[in-house]
Structure formats: structure tokens, C-alpha cells
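Input: structures, listed below.
Two complexes, one shared chain (chain A), two partners (chain B, chain C).
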Partner chain A sequence: MDDKNASQHPNYVQVFLTFARNSLVRDMMFRTNFIIEAISSLSWALMNVGFYWIVFEHTPSIGADTGWGKYEFFIFMATTWIINSIVQAFFMPNSEEFSEMIRTGGLDFVLLKPIDTQFLVSLRKVHWSSLSNFLLGMGLLVLSINELQDRPTAPWKLTPSIVGLYAVYCACGVAILYSLMTCLASTSVWLGRNQTLYDFWFYITNFSRYPMEIYRRGWGIVLWVVFTFIVPVLLVVNVPARILAQPLADNTSWRWPLAMFTIFAAIISVLISRWVFQRSLLAYRSASS
Partner chain B sequence: MVIPSSTNVGNPSPVGDFPARDQRAISNCQSVAVGDLLPPTERRTDQQRPAAYNPASMAIIEIENLTKTYRVYQKREGLKAAIAGLFHREHREVYAVRGINLQVEQGEFVAFLGPNGAGKTTTLKLLSGVIYPTSGSARVMGFVPWERDNEYRRRFALVMGQKNQLWWDLPAQESFRLHQQIYRIPPTEFTRRLDELSDLLQVRPLLGRPVRELSLGERMKMELIAALLHSPEVLFLDEPTIGLDVVAQHNIQQFLKFYQQERRITILLTSHYMKDVAALCKRVVVITDGRIHFDGSLDQIIDSFSGNRIVRLQLAEGQTADGLSMLAEVESVELPRVTLRCARSDVTRVLARILERYQIVDISIEDPPLEEIIAKLFQDAPAGRNDVAEVEVGR
Partner chain C sequence: MIAWTVRTLPQRASTWWTIYRIALEERMAYRGDFALGTLMRFLPIVTQIFLWWAIFDAAAAATGKSHLAGYSFHDMVAYYLLSMLGRAFSSMPGLASTVARQIREGEIKKYLVQPIDMIGFMLLARMAHKSAYYAIACGPFALVFYLCGDYFPAWPTVEVGLAFLLSLVFAFLLGFFLDLCIGLIGFWFLEVSSLLFIYMLLNFFLSGHMFPLDLLPVGWRGAVDYLPFRYLAYFPAAIYLGKVPSSQLWQELGVEALWLVGMIFIARYLYARGVRRYSGYGG
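So, the complex of A and B:
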């Protein structure tokens, strides 16, 4: 055979970069669509800021003695955007397409390629316009950090290790969301059709958008347990945002156990998603042509 | 030259004036002894995966008792039944493939023929590892396809005429570059192969055009390039010429023929166009209802399944067709041309009588159109649709 390199594995980074590049070329081809998408998601985000701005006209903080004041909460919100925009840019379009490929049989071609199938399915396309919210989140982060510099109560500090931890826990958050999404999309194999993916996604992630303190009253404790330990979406934004915003200077006793648990939850989530994904491939029946 | 109608691919008689292209296609079919093509009898019983595929002693594709069933929800009509179906569903097992045994040697070009839903595509998908079988085994180059070994996936390709794998909005060359990276094709090799393939298929100027702007035929050529860039040793083609016009079909046939002869790769093809099959494949496997109904050469099909021959006469001026119906079945009369059909064993006798009684300008004897023979073959296949296992499963 003339293929001397037959035993070599593909360079995953290079393949991903080509996916990203191809997606960008395609997005640029439909440039008006690209701009409209970016504008619509930016305006949704800006309306959110506006809304919470008004909320904080009425109250100094979310919940009594939680430390989630206006700019602490804006850090929380910016973290939500950053994590969500990464998920929406890199994984959301692929999950949706995965669901569709299962229904139409388009997965056939993916299964033929000598490369990890989950990698190929998860990262085929990049939805570049979703990253507009990433930039906006960064902007809001910088603005809020600036405001928090001279917090009167419980002095706020920024060290390189805090920035590093923030990045690591954002990555954990992305991993948890990605895993959840992959599990949801994989169910299409058994359901035949799963058009509620987006809706269901919205319902679940809705719980992740607020500081977890708000669930610690009344029956909210049930939600807190479910969305922390079973479907750990509450950890996604809360843990990194807490590290950076440091509400109450963050001296709570459960701070470190929570941080450890988040790493654990991220790893377990990815493993579970991999298992579910593999199971779904076993059950894949293709579509007749 | 007039492109012959797609039905005339039978054996020409020495008398007839058949288009040259068909002669070539047909002589290709005839040049192989039937005995060579029939699969050797079962010779491997071990279920162990071979340590390495040894081309000298093993068939490149070995299929044993391969079976695939699907469980489908039995829908009933009406709202009441639909509501009942929410609580209690009846399922039944549908056989897509039921116990196929087949061996293909390295370098063979085999056609799968069969009506829609016969199990041809399912077999190709099983061999590609896209789906898992219900039972039975298969090995391609020593690999079990559904284990999806990367080493195996680097060495074969599947092309589906009804689906496309290229990025729709991007030029095909962008998809090719992606293939280069996924298959790790060295840059010089990649350029050489891409040049070669795009020249052979005459699509070089189209490489930079978005795939969605290409015609169906052009797109199919791009799909073929995508499938061949990594030089697969085994190629599965599922209706590669579906929906194409005669010219595009012919181009793709010529390309496949050339490429297969040049590289001696093994190809399994499904198609509904007899022209594809006649032009390309020496061995034909007829699958009906999930079973192999026939395995041999195209000539053998004609010999075994067509008892008739078609006699075309051109009568001399002033002659009428009166009395011909006494000698053979008259298919059509468009004076001076008359078409007759008679039993194969009767041909000599009938011809002698005709020559005695009529003045004839030209005679040709052909087999009935291949489509007709195949259709008959499909119909004769034992109907197995009824013996699906009824299984009730609540949900």
C-alpha cells in the first residue's frame, strides 16, 4: 500500500481548527445573517443587564446577608454569559445537529471516519456569532471588577490564583453543561425524534442563572439538592462566579467542599456523557435511504 | 452516436448491429468463467478474529449468516387506537437481512441487485460498521466492521448516492482538506491524488465552488473524490448514479471501471440501473427479501432466468407481417420492422422458417431486456414478507 502513515492518528487540534475555520468561512458567506445573530443575542444580554439594573434600584442585594450586591451579581451574570456563549458557540449547534443526524441517518458518515466519534460529533461546527456574548461578558466582568475594587465591607481582592481558579471552574461549568447536552441529544436514538431538546435545555439551565442562596429557603432546598447533586447545573455558574465576586469575602465553611465537589461533578458528568453517547451509538439504526 | 436505450444490454447476436459501447460492456461480462465467480463453499468455521488479514488465503469480505432485524412499532388506524398505543404498543420484528452468506475476493467488482427494501443497503451499512447485526458475523480485510476500528475505517469507504457528506455551503476542496487531516494523508500524496481524481472526473474547475451550487452529477463526482482520497482498498457504493442523467451516469461508470481496474480495489455496488451493472460488474448477487437469491455472472442470470429471445426483423419492401404470428409471438409490427419473441430452444427452427418464407433485409437476435429478466427474478423469489415474527411488547 502506498499509505505509509496508515497507523497515525489524526491531530485533533488541527482537525478542530479546520472545523472552526470552515465554520467561519461559512458564516462570512452569509454575513448579514451573522451580524443579525450577533446583534440579537447582544440585545438580549443588554436587556438583561437593564432589567437587573432596575431590580437593584429596589434592593441593595439579592437575599438578606448573602453578599450578592449589584456588581457581585453582575459578575455572576457575566459568568453566565461567558459560559453559555462558549457552550452555544462550540457545542449547541453540534448537539442539535447530532439529534438531527440520528433522525435522518446523516450519522452514517460520521461513523465511517477514523477519528473519535464523540469528538467529531461534538465539535464539527462552531457558531461564531454566539461568541459576541463572550465579549460582552468580558466587558461586564471588567466593569464590575473595577467597581468592586474599593468595596467598603469585606475587602475584595484579585490575585493571579483567583483568575486561574476562575478559568478552571468556568471550564468545569462548560464541561457539565456539555455533558448534559450530549446526554439529552443522545436520547434521540431511543426517542426517534427529540425536538424538545432546546426547550428542555432552557428549563434546566434556567435554574443555574441565579446564586444558589435563593434556593436555600422553604421547599427550594429540594431544588438545591437536585440541581447540585443530581443534575449539577447549579454548580456551573455559581462556583466560578463565587470565586471571583467573593460575596461576604467568601468565608463560608462549605466553600472548599463545594469547589472539590465541582471538579468531581465535572469529571463524572463527562464520563457519564461518554457512556450515554456510546450506548446511543450501539442503538443507532440509521435511516433507510 | 446515438446513446442506446438503457434496456438493450442483452447478448447481441452476430447478425445484429449493436452499439459499440454495449459490445464492450457485454464482452466484459462474458470474459469470465462462471465457475470462477461462485463463492467457494464454506471453509472457515472458527469464530476467532484472525491475527492479521492474509490476502493470499482469505477472501477480503467474508459474511456468515448475517442477520439484521428491526423492531418496529405497529401503528393502528384511528384516534382510539392511537391513544391505546400510548399505553400499550405492539411491536413486530422486521427482517432487513436474514442470514446472508457471501465471500468476495480481493479485486472483485460485485453488484447487489434487488428490489427496494430487499436488504442491499442494510448489508452495506453492516459491512461499513454503521449498524450492528442482530446475529451472524462478517469480516472485511480481517476486521469486524461494527467494532469500528480506526485502522479499518482508514482502509475502506462508503458512498451513498442519496446522502452527501460534503459541507453544503463550502467548496468541496474545504471538505477534502478536512479529510486529509482526519485520514492523515501526507500533503504531497493528497495533492497528487486530488489532482489525479479531479482530472479523471473532470471537475478541477469546480473544486472552489460551493457544493450547493453544483449539479447532482458534479456533486456525486465530488463525493467519489472525498471517498477515494485516502485510497481505500474496499469501496462500498450505494446507488452512486441515482437520479443522474445518462451522460453523468456514463461518466461515473467509466471512471469507476477505470479506477477499479487500475487499482484492483474491491468494490460492492448497489444500483437499480442495469447499465451500471452490465458495464461494471462481472459478478451479480441478487438479494430479495433479505436473502441471497442468486450469485453468479450476469450471463448466467440471462441463461437461467430468461427462456425467451427477442428476434428483430427488417422485412424487404412489399412484405407484410401476415402469418408471422403462426411462427412466434409477435411483440410489435411497425413495417418494415417486426419484433418477435420465441423460446430459446425454438430460435433456430423459427429463423429457418422465416428465411424460407419471407424476404428479410436484416435480422438480430437479442436477449430480452435485462430489466425484464431481473424483474422476473425478483418476482420469482420466495415471498417471505409474511413470516415476520409478531411480538407484543408493552411500553
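So, the complex of A and C:
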């Protein structure tokens, strides 16, 4: 490589597209495996629909006067899938590999590359089959919205601003989850191994899968405060889903303050994850001899 | 042809004891991680409590009913905790995949050349693993059950208590042989991971781990009752909560025992047929 090329900034978009293409080529080499993985995650998701279908046979909504009826909640669930599938497709496999690279010393080779290390570590592989749940989520969204257009109180209306805001807040949700994951993965520099931390990830994000109203009672308030303001996983799905599903015809007083706070939380989360990541690189000692 | 020496019962018992002890010690090596992991496994219960609290509230506000399919909110929380206890007995992490891997990689031939029965060996090892698990998990379990004590109904009668304990032991054995059979299919397919995934999925849904089976619509409920999965999580919890009428209690346990005997036969049959099919090369 000559000096001229080395001093140039790499084209991040092109690098990412190359990663995405390579991953797709690799996935297509094992096509049956790819299909099985897609079917597996789809069937898991469909089983969840089954569960809530049964729940809504017994109750009109989740929480009295919360507005989370069957199809509003299906929008919530679809949003969970959409956000989680993006995280699982783009960041999860890389995050797992990052811990492994720290343990084995493979990170040396990444540090040597003339490109931002966090970018390289975070986006090297794309797990395409995870995006099957993205499509399923989209399907469920369309189906639920179609049902909500006939909602007796405040029928659902499509406006460009709703669609735009939904996309923005889904992106915020992805950013918050990505940051949390990066922070957890970075800790393997200090801990050596972090299997339990991955369990921790699943248990924490588990809180984000339900409307936040259910926690706002009894000692759930503590959970609500912690998972809204300290580790903001409750914002991830709740805010975009609320914007799209409009439970209670969307007239709650805390809607906009919460939406503003979500933007703030997403930016702060990314900055913190960047800081933690760089601290972890400083603490990294190669494992090779 | 291998010459099998006839061994007396004390000799066999001594072999069993050795297998059990080795597996136990192996498991106790990581007890700290274990205890923490067990405690964390209760975290989803927290969200379940709030979810069902909200569901019961909404149902009560709409229909005035405080029970869903015969469950009060407290019953529901107690059900989830008890079904976790049932799963602690019936779930067999890694069993089917280990069996399939041993078949695929030829490790299984150690059972063919040594005077050890594979199924017996695996059962003993699993009993040791479970013992180690209970020795450590009883702390977190006791803590969580104590904290959630208010959700539980009064202590059951001695008869129900005995049936409950027996259903847990049966759940362990039935879970073991069901998983084993999936693993033994590896003699024919080599790669069983996708089959295993489907099995796990069905198991999660139909065992009552995800929700009490009483919530299912009537037609479905009837079908699920004819499957063995319900004994793995739903049945012990239902016994404890008094959902199984005492007139049917022992009859139902008898049906479970029949399932168990059936699965043992199937596992033995699959193993015998599989070994005949199996061919190993190299050292």
C-alpha cells in the first residue's frame, strides 16, 4: 500500500457493504442451514403470537385503561422483533466475537487495520437470517394497523410524520441496545470471560418486551426508574411502539417528554459505549506469546 | 465378540456409585457461577408478575372476574414459580446434543468396548449433575419462594405433597428419556440440532412452562392432554395448586408412569437398533 492510500480515510459505507456482501456469500454457501435458522427464529416468534393470542382470549387489554389492546400490543410485539432483529443481525455476532478475540488475542490483527476499531469490531459480520424476524415484524405491523383502522375510539390514521418518527425511534432503540451490548462485551477485557454477562443481556432486555405501564405500580416503580433513566432499555420498544400504535388515542401528558428523553438517552448511550470501548482497548493486553 | 463377565449386585452398585461421584465432583467445580446463574434465572419471573398483574387488572375491570381459567393472580404467580421447579427436574440441558455428538464423532464406541451401559451411565451422570444443581440451587430457590410466599396457597395435604414429590421425580425421568430419544435419533440422521430445536419449542409451549395449560381453548387442551410434555412442568404445579382433583390424582400419576415405561422401551429399542447400524472407523 502506498502512502497516499494509507493517509486517506477509508470509505466506511463501502467497507460495510463489503462486509455485508461477504456475509451473504458465506451464508449462501450453507443454504439449508440459513433456511433452518430463519425458520427457527420465525417459529419462536410465532409461538409468542400464540401465547398472546391466548392471553387476549381472557382479557381485553394488558393493564386496565392503558390502551394496550390486542392489536396495539401486536404492534408493540412487532416493534420488539424489528428492533431486536436488527441488533441480532448486525451487532450480536460481532459482539460475541469481540469477547472471543480479547480472550484469544485475535484483537491484535483488528487493531493493526487502518480503520476505526469500534466500527470494524461492531460490523464485521452480518447475520442475515436474523432479518427474517424483521420481515415478520413488518407483516404483523401491517396486519395490526389494518385492524386498528376500524378501532371504535380514535381509529388509526396514517400520516408521514408517524412513519418518520417511528423509524427515528426504532433507530434510537437499536442505538441503546447496541451501546448496552458493546459495554457488556468490553467488560471481557477485565473479566477474561463473560458467559454470565451474556445471560445478563437477555435478562435485562427481557424487561423491554412489555409496555412500561405494567411496572408503574408497587415496587415496580423502582424497576421503571432504573430501566428508564439508568439503563434505558424500557425506552427501546416502548417509545416507537407508542408512537405507532397510539394507545389511548395517544394523549398521555408524558408522551413528548419521554420521546425527547429517548433521543437524549440514545446519544448519551452511544457516547458512553464509545468511552467504555476505548477504555477496554487501553486495558487490553495481547494474549499471544 | 466381547465376553461379558457376570457381576454381582454390590459390584454393580460400586460402579454406579463411582460414576455418580465423579460426575458430582465435576459439577461442583463451578459452584459460584452456578448459584449466580440460578438466581438470575428468576429475573424473568419479575416481569411475569407485573405482566399478569396488569392482565388480571384489565380482565377484572372489563368483566368483573378475579379468576382466569380458574386461576387467581396469586395462583398464577405461584404456578410460574412451581413450573420453574418442575423444569429444574425435567429439563436436560445438553443431553440430546451430547448423545448426538458422541454418535457422530464416534465417542460412543467407548460404551461398546467397555462393560458399561450407555443409557445407565448417562442416567447416573445426569442424576449427579442434578444433585449438584439442587445442592446449590436450593439456596436461590428457597430465597425466591420465601420472598414470594404470599402468592402460595396453604400447604397441601400429605397426600398431595407426596404426589407432588413423585411427579417431580417422574418429571426428571420422563424428561431424561424424552431428550435421550431425540439424541439417539442421531444414529440415523447424525445432525439433530434442528429437530432438537423443534422439540424444545414444542416442549416450552406444551409443557406449560410458558403459561398454565388451563388457559388453552377447550379443543386444544384436550389434544395437549394426550401428549407427554404436560408432565414436565404443568403437572407438578397443577398438583400443588390443587388443580388435579384428588380422585384423579393417582390415576394421572399412573398414566405418567405408563408414559415413562413407554419412553424407556423406546429409548432401549432405539439404542439397540442404533448400535447395530453404527459403524466406527479408526482409533
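As a working rule, the second predicted complex is superposed on the first by the 282 of 289 C-alpha atoms of A that agree within 3 Å, B and C clash if a C-alpha of one lies under 4 Å from a C-alpha of the other, contacts with A are read in each partner's own complex, and residues count from 1 in each chain.
Quick note on the criterion: a contact is a pair of C-beta atoms (placed from the backbone, for glycine too) under 8 Å apart; a residue touches a chain by one contact, two chains touch by 3 or more.
All of these numbers come straight from a predicted model, not from anything done at the bench.
> On chain A, do chain B and chain C fit together or clash when superposed?
Aligned through their shared chain, the two binders fit side by side on chain A.
> Thinking of the overlay built on chain A, is A:R217 touched by chain B (first), by chain C (second), by both, or by neither?
Once the two structures are laid over each other on A, A:R217 reaches chain C alone.
> Considering only touches as defined above, state whether A:I115 meets chain B (first), chain C (second), both or neither.
first
> Counting only touches as set out at the top, which of chain B and chain C does A:M47 meet: first, second, both, neither?
Only chain C is touched by A:M47; chain B is not.
> So, does A:T153 touch the first partner chain B, the second partner chain C, both, or neither?
neither
> Taking CA centres, what is the chain B/chain A/chain C angle in steps of 10 degrees?
Taking chain A as the apex, chain B and chain C sit 90 degrees apart.
> Is A:Y203 touching the first partner chain B, the second partner chain C, both, or neither of them?
So A:Y203 only meets chain C here.
> Touch check for A:H58: first (chain B), second (chain C), both, or neither?
In the superposition, A:H58 contacts chain C only.
> Of the partners chain B and chain C, which touch A:S161 in the superposed model: first, second, both, neither?
In the superposition, A:S161 touches no partner, neither chain B nor chain C.
> If you take every C-alpha pair with one atom in chain B and one in chain C, what is the shortest distance in Å after superposing?
9
> Mind listing the chain B positions that touch chain A in their complex?
70, 117, 121-122, 125, 128-132, 148, 150-151, 153-155, 157-158, 160-163, 165, 167, 169-170, 174, 177-178, 181-186, 189, 210, 230-231, 233, 238-239
> Which chain C residues qualify as touching chain A in the complex?
Interface residues on chain C, with respect to chain A: 33, 36-37, 40, 43-44, 46-47, 50-51, 53-62, 68-69, 194, 197-198, 201, 204-205, 210-211, 215-217.
> Can you tell me which positions in chain A touch chain B when the two form their complex?
1-11, 14-15, 18-19, 22, 25-26, 29-30, 105-109, 111-115, 117, 120, 282, 284-286, 288-289
> Which residues of chain A touch chain C in their complex?
Chain A residues touching chain C: 36, 40, 43-44, 47, 50-51, 54-55, 57-66, 195-196, 199-200, 203, 206-207, 209-211, 213-215, 217, 220, 223.
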